[in-house]
């Protein structure tokens, strides 16, 4: 049974079409991440699901119930905002209880729920404090608690971690994951940070200009990007893109400049063979040094810049006159100007039609 | 070796101090100087011109035994409290309504604020005519049929101060509404979304969440309203002239009449010192909140 | 690098419409919903309460005296005459001089311009100094100043008469301008201080690093960015100074009396019967300048007040 | 041709000699209504004729609004050339402080001592033997103005004294006429009371209470009788809801009200409205009971000026105000009595004539301004405006409070 299902949803502010006939089904207990640059409509979609924005066309179902015209409070959803949106003048306990008191939930039930939420989020010592006295992480947990106590079916997160520093963001990311395992609720999470998406999501929906580019598991999206945009968006440092064309005799080889890449091992998904293509390979899929010999394709490149980053080192090199990046172990002694042999297995690569940018 | 000693406190940012001289002069010479001068002369029996024959607290005894003064204090209290409450309530209500992204917001806001541009004398005159039983509201309603409809506050000693209140509110709430609207627009949008998701009705969100958040705006507004109330004078002179009888007297008018009509400066200064005292009672908490409470900068 | 901005067609095949029966698309909001009635109803009722006096003033100022005596003040004028306006402006008598409000108008303008300019200049510098250049004791002076805002004018009348006499400025235009500057200073300084404290601190620090001095920063950085608060200050001062009667009449001579003195004389001197239409026309005329300034900059006023008062 | 040139030279010489050079004199006063404005015009016309220029500094809103402005201007060191005050002690301190010009030389030169009658007017202007002001008129408060038309409409003969008038009140009310018109300003209610004192208790009781501040007399039975009458007057004027005195007079002129207790300046309004004494309205000095004239009224003071030419022009104005022709022209318009005994006013209407022969007979009393300090007077005024507007205050408590004020008066 799908937890949240969106059918032909469109939303336009005046003439601007923000969401264009969008369809999405989210399974029960699934953790779906809406990923995309700012202005791609991901937050707007979340607000539509929450009922904070009236849709122009289409329907929204939660737990099979048509909630398109329902008020947010009747949709069984809880929402956590980027700015936490805690009520500043109330204590943590006040914040948690405010929604319940308003819904006339009996006192003892309120206390029970608060106790449970406090235990799950380890915020028992904070109940009597005011939001101003809490750290960013603690405030975020209280914001989650506010949805938790209302036993909602679906949790909505609107870039909750972007106000925190990197270290705290990593800690809270793990906590949210743990929370998801424990509660098994459906969660819809909006972010522009691909690390959060990759680590948290059961499935990721990459959005651009109001359209879902690809809806798939993190692994699928990272390794099998369905178009050039998704490929470019995921991964940092980003995928290497090399413009090239099929060698004249059939699809067995790809040529750019003087280099020839054998494609027997490449899993084609479409049988089109357009004139110009874009060949993509991720830096970490490239092996360097003596081991490169055994790769189906290997060549020699000259190193231009070396960027040591502690755990590993990113090397900027020139392959057949084009910029090419690959990753090596953190201890490597490579220096600018060295000539080194690199190689990769085309099976891990992606090829896109230069015109339609679609995966071949 | 004194050369490299840190320049004395006095000469640090000299420019700022020079630029602030007018403020310092005003604060010290005019306000402090003037107040001290008034207080000292409130202990003399100066008549038309100030003179140094000290009479101790005689002026104050006469002040608090004068019926006119007691009525003016009572009036100021009634007018002050009610005008504070009503202008805040009406101001906030109108601001909240205008905050609902309605059409014609600009026209409504202009309508509510234009009275602020008029002087108290104009306000007093117009409302005197409107509340006049012979050709104002009372006459209009009587022409419509309710024969014994009486609405003549300005001629009824018990409720004249409320007639003044109507005019005062008409003139003052516009500014309060603006301040409140400014405060509302300063609230983070997510707070509204959060409360809607929590299923809290709008009026409760305003009452229990937004108002507590707007504490600084309320304090500034209170200062501005209160400073207007204490100085209530022209509205009374223009609208009721202190009448009927002495029913709508206010301290500022008592002081003015004592100084110039009765040509008794001593009594006038005694009255004004009392007014300054009430101001201190209002102001000390504000000054504490503004500077004492949160040491900043 | 490859150009990524080229739009891509939707990868998912546009499935046939999946919407089911039941609520779909925008929720039909009845435009006459209960909430709307309450909302617009209250606003309109208050708008009437606010517009009533203006309506009465205009309507009565266009009626002849017989029509006023007979009808009630709310009925629209049967035959409109502009005679009361002409009389109020040019012929209404106050004692001997029968030149209406016109004499006072130019006096008021002559008083207004220097007073507004000086009071805003001084107050803005005060606010700026208080906000950014914390010197010892600055706050105590500021608190005294705010205390000054509360002192009723009547109390300060006498001391200022003496002060001006000692300075030899009594009865002169400069004297009156100084008085307006002094009494306008507290609230304006408060507004400017709040506004400048709400300005981002980095701006000020950056300018200091670039070596700009006290005045340099004031003119090059602070002034250009403070239009909203200047509008608020101008509106407050124009209404305050233009509408002032007490100072105008005590600190100047008859040939310098502002328009409000003429208004007071016209309204309070009764030639036989009280000419309400002339009085109202005179009242509107006197209120015209602050009203026009307010109408021109109403929007900026709200934005300015927001910055000036809220961050206090 | 040359005769013309000669004539020109002569004329300019003459002009030069009489007034050194034309000078603007700013004169402040609070006569801004009907008859008053016309009267002031007489002064201005006469003064302009001397080649100087009368700059009018009228301030509306009765003495209450004007006096503070005058006092501040004088004490502030930027005085006007001449200013109006009521007879009495209002400017006393200004004179003591040496801010007012000494007119004794002009007074002796013009022989004011023997032309000003009653001499008490000049006494109010003198301090340690020097004269500081020019009395210009005599206004007596002791008048009751009745509208003949109102009484005809009520079918009651026009009363000749207070008791008849009080008795006619019910009939007037029956005819829908307000028996007694009364403005809501404090000085008007207080004026009504002291007129009742003079009329019903007699001049010497008035002098003892207001002059000698005799508190037991103030609490005594004679005054109790007067407070009863005041209570009656209060009932009669219950619904006269006007503010200014001339609005009340206008109610009498138009017949809405039967009568008004007001000084003789009310005559100016009747004149402006074109009514004739005797036919349209009747005037009863001393409420028709104790015919007496009160020497209230106005005098002009001349602040000390540094400017030589202006000081000379001041003297000129002072002389001019006292001259017979100006006295006649001014008082006729103002409806007051001239200060010069040697002037006959044939053009005066019969009410002024009544006043003149009472003046000639010499039964004169001083006005409260001359007897009491402004401070005590304002307290009395406040008491009576409160009394007339608060029915709950009985005549007895009003009398008690009046006695307290008199006890502490100076």
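We just call them A, B, C and D in the order they show up, numbering each chain from 1.
The criterion applied here is as follows: a residue touches a chain if its C-beta (ideal position, glycine included) is under 8 Å from a C-beta of that chain, and two chains touch if they have at least 3 such contacts.
A quick note: this is a predicted structure, and the numbers were derived from the prediction, not measured.
Looking at which two chains touch through the most C-beta pairs, you get B-C.
For chain A, the chain whose average C-alpha position is most distant is D.
The distance from the centre of chain A to the centre of chain B, with each centre set as the mean of the Cα atoms, comes to 57 Å.
Averaged C-alpha coordinates put the centre of chain C at 43 Å from the centre of chain D.
Rounded to whole angstrom units, the spacing between the C-alpha centres of chain B and chain D is 39. Taking each chain's centre as the mean of its C-alpha atoms, chain B lies 16 Å from chain C. Shared interface positions of chain D, defined as residues touching 2 or more other chains, are 68, 75. Counting partner chains per residue, chain B shows two or more touched chains at residues 256, 259.
Among the residues of chain C, those in touch with two or more other chains are 157, 162, 264, 267.
Chain pairs that touch one another are A-B, A-C, B-C, B-D, C-D. Taken together, the chain C residues at the contact with chain A in this complex read 1-2, 4, 6-12, 14-15, 17-20, 22-27. For chain B in complex with chain C, the residues that touch the partner chain are 9, 12-13, 15-17, 19-20, 22-24, 26-35, 37-38, 50, 90, 93-94, 97-98, 100, 102, 106, 108-123, 125-127, 129-130, 135-136, 139-140, 143, 170, 174-175, 178-179, 181-183, 185-186, 216-217, 219-221, 223-224, 226-227, 230-231, 233-234, 251-252, 255-256, 259, 265, 268-269, 272, 275-276, 279-280, 282-283, 286-287, 290-291, 297.
Residues 93-97, 157, 161-162, 164-165, 168, 170-172, 249-251, 253-255, 261, 264-274 of chain C touch chain D in their complex. Of all residues in chain C, those touching chain B in their complex are 39-40, 42-43, 46-47, 49-54, 56-57, 60, 68, 72-74, 122, 125-126, 128-130, 133-136, 138-139, 141-160, 162-163, 181-182, 185, 187, 189-190, 194, 197, 213-215, 235, 239, 242-246, 260, 263-264, 267, 276, 279-280, 283, 286-287, 290-291, 293-295, 298-299, 301-302, 305-307, 309-312. The part of chain B that touches chain D in the complex is made up of residues 47-49, 66-68, 132-134, 152, 155, 157, 241, 243-247, 256-257, 259-264, 267.
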